[in-house]
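For reference, the structure is listed below as C-alpha cells.
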Amino acid sequence: MTKEILTGLGEECGVFGAYDFDGDDVASYIYYGLFALQHRGQESAGISVTDTDGESKNVMYHKDTGLVNEVFNKNTLNSLKGNLGVGHVRYSTAGGVGRENAQPFVIHYQKGILSMAHNGNLTNASQLKEELSQTGAIFQTNTDSEVIAYLIAKERLTSETVEEAVKSATQKLAGAFSLVVGSPSKLIGARDPLGFRPLCIGRKDNTLFLSSESAALDTIGAEFIRDVKPGEIVTIVDNEIYSDRICPPVAEARCIFEYIYFARTDSCIDGQSVYVSRTKAGAILAKNAPVEADLVVGVPESGLAAAIGYSEESGIPYGMAFYKNSYVGRTFIKPKQNERTSSVQAKLNVIREVVKGKRIVMVDDSIVRGTTIKNIVKMLKNAGALEVHVRVSSPPFKFPCYYGTDVPTSENLVACNNSIEEIRQGINADSLSFLGLEDLQELCPGLEFCDACFTGNHRGGVPKEEVDMKACSSEKIVF
Amino acid sequence: MTKEILTGLGEECGVFGAYDFDGDDVASYIYYGLFALQHRGQESAGISVTDTDGESKNVMYHKDTGLVNEVFNKNTLNSLKGNLGVGHVRYSTAGGVGRENAQPFVIHYQKGILSMAHNGNLTNASQLKEELSQTGAIFQTNTDSEVIAYLIAKERLTSETVEEAVKSATQKLAGAFSLVVGSPSKLIGARDPLGFRPLCIGRKDNTLFLSSESAALDTIGAEFIRDVKPGEIVTIVDNEIYSDRICPPVAEARCIFEYIYFARTDSCIDGQSVYVSRTKAGAILAKNAPVEADLVVGVPESGLAAAIGYSEESGIPYGMAFYKNSYVGRTFIKPKQNERTSSVQAKLNVIREVVKGKRIVMVDDSIVRGTTIKNIVKMLKNAGALEVHVRVSSPPFKFPCYYGTDVPTSENLVACNNSIEEIRQGINADSLSFLGLEDLQELCPGLEFCDACFTGNHRGGVPKEEVDMKACSSEKIVF
Amino acid sequence: MTKEILTGLGEECGVFGAYDFDGDDVASYIYYGLFALQHRGQESAGISVTDTDGESKNVMYHKDTGLVNEVFNKNTLNSLKGNLGVGHVRYSTAGGVGRENAQPFVIHYQKGILSMAHNGNLTNASQLKEELSQTGAIFQTNTDSEVIAYLIAKERLTSETVEEAVKSATQKLAGAFSLVVGSPSKLIGARDPLGFRPLCIGRKDNTLFLSSESAALDTIGAEFIRDVKPGEIVTIVDNEIYSDRICPPVAEARCIFEYIYFARTDSCIDGQSVYVSRTKAGAILAKNAPVEADLVVGVPESGLAAAIGYSEESGIPYGMAFYKNSYVGRTFIKPKQNERTSSVQAKLNVIREVVKGKRIVMVDDSIVRGTTIKNIVKMLKNAGALEVHVRVSSPPFKFPCYYGTDVPTSENLVACNNSIEEIRQGINADSLSFLGLEDLQELCPGLEFCDACFTGNHRGGVPKEEVDMKACSSEKIVF
Amino acid sequence: MTKEILTGLGEECGVFGAYDFDGDDVASYIYYGLFALQHRGQESAGISVTDTDGESKNVMYHKDTGLVNEVFNKNTLNSLKGNLGVGHVRYSTAGGVGRENAQPFVIHYQKGILSMAHNGNLTNASQLKEELSQTGAIFQTNTDSEVIAYLIAKERLTSETVEEAVKSATQKLAGAFSLVVGSPSKLIGARDPLGFRPLCIGRKDNTLFLSSESAALDTIGAEFIRDVKPGEIVTIVDNEIYSDRICPPVAEARCIFEYIYFARTDSCIDGQSVYVSRTKAGAILAKNAPVEADLVVGVPESGLAAAIGYSEESGIPYGMAFYKNSYVGRTFIKPKQNERTSSVQAKLNVIREVVKGKRIVMVDDSIVRGTTIKNIVKMLKNAGALEVHVRVSSPPFKFPCYYGTDVPTSENLVACNNSIEEIRQGINADSLSFLGLEDLQELCPGLEFCDACFTGNHRGGVPKEEVDMKACSSEKIVF
C-alpha cells in the first residue's frame, strides 16, 4: 500500500510459521512475525494455530482483510490457543481482495486438518485446476493455495506421511512458491526448485520458525538458522528439522527484485545481505554513471541504501532530502487527478535547506510508470536544486512477472515504450542512468537469479493464458 | 434469535431464488424475500447473482453474519448486478456461526460457477464426506452444502445437463433438503423425497421465484404458482418451469413443526394454511381439554393463532394479555442468571387490566425446557390472574430432530424426564394439556408428516454418529 | 423507526433514572429500563452513572446513535460503575440525529457535575437561548436540555440546593418537559405543570426509579409507586422521596396521543391504563359508527387493542388478519418509489384465510398521510375481503404539535386538506369513521388532556418562530 | 503514537485553517493539511466548514477519535461543503481521549456560530473556569478550547467585531495557545505572546491558509507567506490579512523542543529551518563531545538530521543502521512486559552489515525514561558494534512542561534522578553526552525560546494546582 503509492509495484505475500515444543502458544510470535513482514502484503492477514497436545487437533484461525494491526486485537489474538501455527500477509490485485481469499488456507481432508500459507505465483495453476476439475473438484477461491491444498490431499491418499504428500504435490507445481504448511503435529516448509521467493528457518529456545525474511526472526528475538534451499522441503517435528528435496538441484532463479526493492533492508536472503546488494548497486552506478554533483540523496525508503552506496563510491556527500509522511494508510483518500495536491506530495516533501542551490544525484530503485519520479524531480527543482541527476538501481522494467510481483501491463511500463533519453526528457532530469543488466550479478555474487522483468527470459514458465502478452506495447507513454 | 429467547427451539435456514427473464436485476427482490424469511434464520444472510446475458457468466455475491438488514446496505445491494440469483438466511448452533459457513455457497467447477442455498439437514453427510475424502476432496466449511456441491460437481462430469447432475447428486442424499441452485443460465429447485422442508414457486411478470415460504412471495407482490413436490426437481429456464423427480413418490414426512411453530402464520405449505393448522390445534385443545375460564390468551407470536382457535371453539373470549417488545436483537445483552430481570420479562410484559381477576386459558405452541412458560405463568399470576390453565398446541417434545430443527438435548427436554403432572407443578399451572399425537393429522388433513420429535420415529434416518443418543435422559428437570 | 414506517408519527424520547441506596451499580437496571422504553426513541441511547459514595463524585457515561442494543455491549455496560444513574432514548427528526445531541446531557458547573435526560419540547427555547446568549452563553448542541442545564447552573449560583435550582429553572420553561436530573447525591424528577409527558416513580428493594412509563418498571421487576404529578418536582435522596411544586396546580394538558398511540399498551399513566383507553376508543367507535360485518381486525401494534374494544362492543368476532415482520430495523433499506415492493408490504402481510370472503372492520389508531392505510386496505381486498370498513381510534389530525410529537407539516396531513369522504375514496374503504373530538374525554375519565393536534388549541404555547405555521394547508392530497 | 512508542514524549495538537475567496470547498485542502500535521496528534481529527456565501452561515463538521485517515472517508469529506474551514488533530493523555474532546470546537453564541482549533496548554484554565462557573457557565468537555470559546462569547457581547472579541479574550489567557478561529466570514489566527507553539500563513491562488507548520503548506502546494508573530492576531477576510496584537511584544519563549523533536524536519518556524537546527545540534555535539569512531548513525526519525550534522562536523561517515517498521499504528498490540519481544524490537531493527565490527556514534534527540535507548544500544551491540557512543541532541530533561508537551512525571525522567555517568552505565553505552544548556541558543540564532523542561524556568507560568510538583523526584531509576 504505502510502497505502491510511490512505485506502482506490488509484492505478493509473506509467510510465517512457528512450532513451540514446550507447548506454549505461538499466536503472539506469529503476530509480531507478520507485523515484521507487513511490507510484503497489506490486503489481508491471518493466523491459524493447532494445539499439538490436544485431543482434537482442531485448528483455530482468524483472518480478514486489513493490516495485521487491524485484523487482530487482543481478544482475537489471545483466543488463538495452540503451539503450532501458520501466518500470512497478503497483497492482491484489485479483483481479488475478497475476504474469502485471505490466508492461511485451512482445510479438512481425509487425514484431518491442514493449514497453509503461500507466497508466490504458480504458472500452471489453471492447468492444474482444469485437471482437478475433471475429477470433480470444486473451487471456492481464486488462490493458488486452494490448488496446492487439493494436490496435497490427493497425494496424501497414497503417501505414508504428510511431508511425502507435500513432496509429491509440489513436484506438480510450476512457478514460484514458498509454502508453510501446518499439519496436526508437523510444520513443513517448501520452496520451489528455482527459489524465486525467500524462506528461512529460525529458532528461539524450543521454538522453531519458518519465515519469508530473516528480519522477522530478528523482530521476535529468534536466531537465524539457515535458509530453506531452492527445491528443499523441511519438516519440523520433535524439535528437529528434517530435510528432503522436491527434485534434484537445478539452475536457480531467485527474484532479483527481492534484493533491489521488496525485501527489508535488514534481511539477508540466501546468504546475501539486502543492504549490501543495494549499496553495491549504488556504487556500481557511481562507477558507471558518474556525474559532478554536490549531494547524493535517496528516495525513501528503498532508494536510501543505494544512495549511500553511490555516495561512498563517488565521494559526493550523502544528504537527507526528503521527509516521508508515514501515516499514509489503507484508507488514505487519494487526491483526484487535477486536484489540488498529489499523492506524492502528500507522502513526500523536500527539505529545502538540504537541496537549495545544489547539484543533486537522486537515487531510486526503479522506474515503472515514470509519473512519480517526474513529480519528485519537480519537487527538488522547485526547492531550488540546480540540477537533478537520476540514477536507478535496477535495469529498465520491460516485461511482466509471473512469479509473484504485480508489475503493470506494458502500456504502463515507461521503459517498454520510450528510450532512455525520452524518459529523461519526460521526467525532466538533467541526466538519467539505469543499472546495467550486466551489473546485476555483482549485487548477489555467486547466486543465480531471475531477471525476467528486464529480459523477458521467463525461466519459471509462462501461464498458458498469458503467452501472447509478453511483447512490449508499442505506444509511447505521454508524461 | 427473537424466537429462541422464548422457546429454545431453532430453525435452520430459509432459501430464495429469482430469475428475471426480462434481464433486470433481482438482488432487490431477493433482499425483500430474505427479509420475509428472516424468522427462519438470523445468524447470517447472503445473496449471489449472475448476469445470464453477460459474457463472463460470473457470479457476484455478498454474505456475512448478521440479519438481512445488517448484512446489506444500499451500496452492497446495488452492486449485485444480475438477473438470476440465490439468497439464504441461516440459523446455526453456537459452534458454527462462522462467516465461512454463510451461504449462498458459490463454487467454481468444471462447467463454470454454481451458487447454492440449502435448508435442512442431511443424515448421511459424514458418510458422504468420508467417501469424498477418499477421492481427495478437501472441505473448507462444516456445511452440508459443501458436500452437496461436491456431489453435483462429480455428477456433472458425466451428466448432460446441470439438472441431471443435481438429480444424480440428490439421489445420494439422505435427510432433509430444500435446495435452490443457480447455474449460469438455470435456476433449479429440489426438495427431498420426504418433503421435510417447504419450497414453493412464484411468478411476477416475467420473473420466476423459488421460496421457502409463500409469505415471501406475498411480500414482493408475486403470485404463488405451486409448491415444489416432495422428491421433485424443478428447472427454471427460458421463462418455463420444467419438472423431474429425484425418485418415484414415497411416503412423505413433512415437518409438522413448520405448521405448529416455524413457518409464518400467513404462509401456506403444500396447500395447507399455517394459520388454519394453528387455529385447528387450538380448537382441538378446546374440545379435548376444556376448562371453565374467563379469557383465552396466546403467547406471542406463534401461540396467538391457536388461542384464537381455542376461543372460537370454546366460546371463551379472546384477549390480548401480553405486550411484546420487538426490539430484542442479536446484540441484546441477556440478563445473567440471578440478575435483577429475566430475558422473558425484558421481552414480554403482562397487560394487567386484561388478566386481573380472571381465570385464564393460556395457549402456547410448545414446551421445551419449561423455564420460559414457568416465568410467564408467574407473570400472569402476579398481574392478578386467578387461575392459569396452560394449553400446548403440540404433543410433548421427547426426541431430537435430525432434519433441520435445533432441539435441545434430552436433558433439557422437560417432557423427556417429567410426567405431565410434574410439569404442571413445575410451571405452577392450574391445569396443563398437550395436543395428542392422534390429533396431529387433523392439523394437516390429507398430508403425510414427520412426528419424530414426539415419537422417535425418525423416518429420514439417523446420522450414524447419533445412533446412541436417541434415548430419553432419565434425569428429571428441576424447575 | 418501526412505528414510523407505518404511521409517519414520531415520539420524542424516553427517560429513566435509578438510585440504589445499597450502593450497587444501576447501569444494568437502566439498560433494561431503556430497552423497555425503546419505542419512545430509536435514534440514540445513553446512560450516565455516579458513585455517590466515591470521593470524586465523577460521572461516567456512554451514549451514541443507535438502539439500546447497538449502543451498549457487555463491556461498555459493565464499565459504568455507579449507584445513581440517568438514561435516555432519543427520537429525532432528520436534521438533528447527530451524536452530539445524544443524551444524557452531562455538564460540569460551579457545584460539580449534573447529568440530565429530557422528554418533551420547550416552546420558549429560542427566547431562553437568546437571553442566555446575551450573558455570553455558548451552545454546543441543538437540544432543549442544554438550555435547561444552563438555567439550572445559573439558578444554582443563588440557590441553597440543587432541587431549588431545578425548581427556579423549570419555572422559566414553557412547553413540555419530563426531566430526570442526576446530581452527585440526588436523583431529581420534574414534570411540566401541564403534564404533557408521563413520568412515574418505582421501587425495588432499596432502589428507587424514575421512568417515562410504568411498563419499564415491570420489566425490571420494580413496583410502581406513583406518578410524578404535573408541576411536581421529586427529589430522591437518603432512600426517601421528597416532593415540591414548580407552581400551584393549573389546568392540565397531558398528551392524549400517549394513550392512543405512543405509550406501551401495558403502561398506566396518571392512573389510567393505556390498554383500557384503547379498548374504550374501539368500543366508542362500535357504538357511534356501527357497521354490519363479519370480522374486526386491528392494524398492529397500536390498532389491536382498539379492535378488541370494537369487537367486544359490537359482538363481531375479533380476528388476526396480519402477520407483522418484526425484523424491520434502523438499517432496513426502504423500497424506492415505483419499486417492486413497498415498505408496508415488507412489514405487514395479510393472512388470507382470515379475511377471504369476509366483510372486515379494520381499526387503526390514526391516519397521517393516508398512503399506508390505503396500501393496507388494498392488501385486504387483494386477499379476498369483500368490504373494508376503516375505523380510526383518534380524531382527524389537523395541527402541528409543539410538545414532543413529530407530526408532519400540514401538506402531509390528509385530514387537513381533504374531507372525510374524500379520504374514504382516497383509501378505497367502504366506510370510514374517526373518533369524535367529543369522545376523547371518555378515554381518560377525570383527566385533563391536550388535543391541540386535533383542535389547534395549543395550551402549552406556540414557539414564536412557528406562529404563522398553524394554519392548514389548502392543497388536497393526491393519493 | 508512533513517536511515543520510541520516546515517551507527546505533542498536543496541530491546527489548520483555509479560506477560499473564490468560493470553492476547502475540506479537501484541510484534509491533506491535517494529514501533513498528523505527527502532532493521533488521537482525534476533525474539520468544520462554513459556506460564507450561503444564507444560513451554518457550520458543518465531522470529528472523531482516530487518525485523519480513519476519521474521514470520501463520503464524509465530500459532504463538508464550505469555503472557510478549520481543522485539528489532537494528541491527548490517557484520561481525555474521549470523542467529546475532539476538535474543532463548534459553538452557537449570540452572534452566530464559531469554530475553533487550539494547540497548546493554558496555565490559568482552572482559574478561568472557576470564574466563568461563578457566572453560571456550564462545561461539557475538559478542553481549554471550551474556556476560550466562552471568553470570546462573553467579550463579543461588547466588542464591535469578532476579532476584537478574540483579542480581549486572549488577553485573559496565560500559557500556550496557537488558535485558529472560523467565524461566519472571517478566519482568525492568534498566537500567545510568548510564542510557544508555531503558527504560519500561506496562500495558493485565492485561498489563504493558517497552519501549525509550514510543511503542511508544502503538502498542498501553497506558498509560505509568513509566520504569525508571538502575540499577534491575524484576521483573514476579503482576501486580505489584517494584523493586530494581543499586547505589546514581550520576551518570547518558543518551545525549543519543536526544533529538536516535535516539528517536521522539513518545516521552518519563525524563520529557522528545523532541519538546520537539528544538524547544528549534531555538529555542536561533534565539537563538544568528540570520540574516535567508525560510523555515525541516527535513531529514526528525529535523530537522523542530528546524526548527519555530527557526521559532517566530525568527518566520521554517516550510516543507516536501522530499519524502521512504519506500520505501527494506533491499534498495535504492545508486547506485554516479559513477553517474547519488545515494542522497540517490533519497530526498529539493526542492519547488521552496517554496524558489525564498528565503533558507533549513535545520535538521538532526547532521553526520557532511558529504557528505549538502553534497548537500542543493546541491539547495536548484539549486531556486532564494538562500541556505542550515545550523543543526545538536547540537554537532560528534568522538569515538567505546562505548555503543551506531554512529559512524564519526574519519577520517570531518568535525568531527574540519575547522574549522567549513572545513565551511561544504565544504558550500557561506552560514552554518553548531552547537548549543553549553553548550546541551545545556537540552534535558533536570534530567537528567544523556552527551556523550562531543562531548567525549570517556567516563564509561561505554572498552573496553580501544579505548583508543588516542580521538584525533581529523589528516587533513582532502576534500569
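Note that the chains take the letters A, B, C and D in the order they are written out, and that residue 1 is the start of every chain.
As a convention for this text, a contact is a pair of C-beta atoms (placed from the backbone, for glycine too) under 8 Å apart; a residue touches a chain by one contact, two chains touch by 3 or more.
Note that this is a predicted model, so its numbers are computed, not measured.
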| item | value |
| --- | --- |
| Starting at chain A, fewest touch steps before arriving at chain C | 2 |
| Chain C-chain D separation of Cα centroids, rounded to whole Å | 49 |
| Gap in Å, rounded to a whole number, between the CA centres of chain D and chain B | 60 |
| Distance from the mean Cα position of chain C to that of chain B, given in whole angstrom | 36 |
| Multi-partner residues of chain B (each touching 2 or more other chains) | none |
| Contact graph of the chains (line, ring, star, complete, other) | ring |
| Chains that touch, pairwise | A-B, A-D, B-C, C-D |
| Chain A contact footprint on chain B (complex, rising order) | 99, 105-110, 133-140, 146, 149-150, 153-154, 156-157 |
| Chain C-touching residues of chain B, taken from the complex the two chains share | 2, 28-29, 31-32, 35-36, 38-39, 42, 67-70, 72-74, 77, 204, 215, 218-221, 264-266, 268, 273, 275-276, 301, 304-305, 308, 312, 317-320, 322-323, 325-333, 335, 339-341, 345-346, 349-354 |
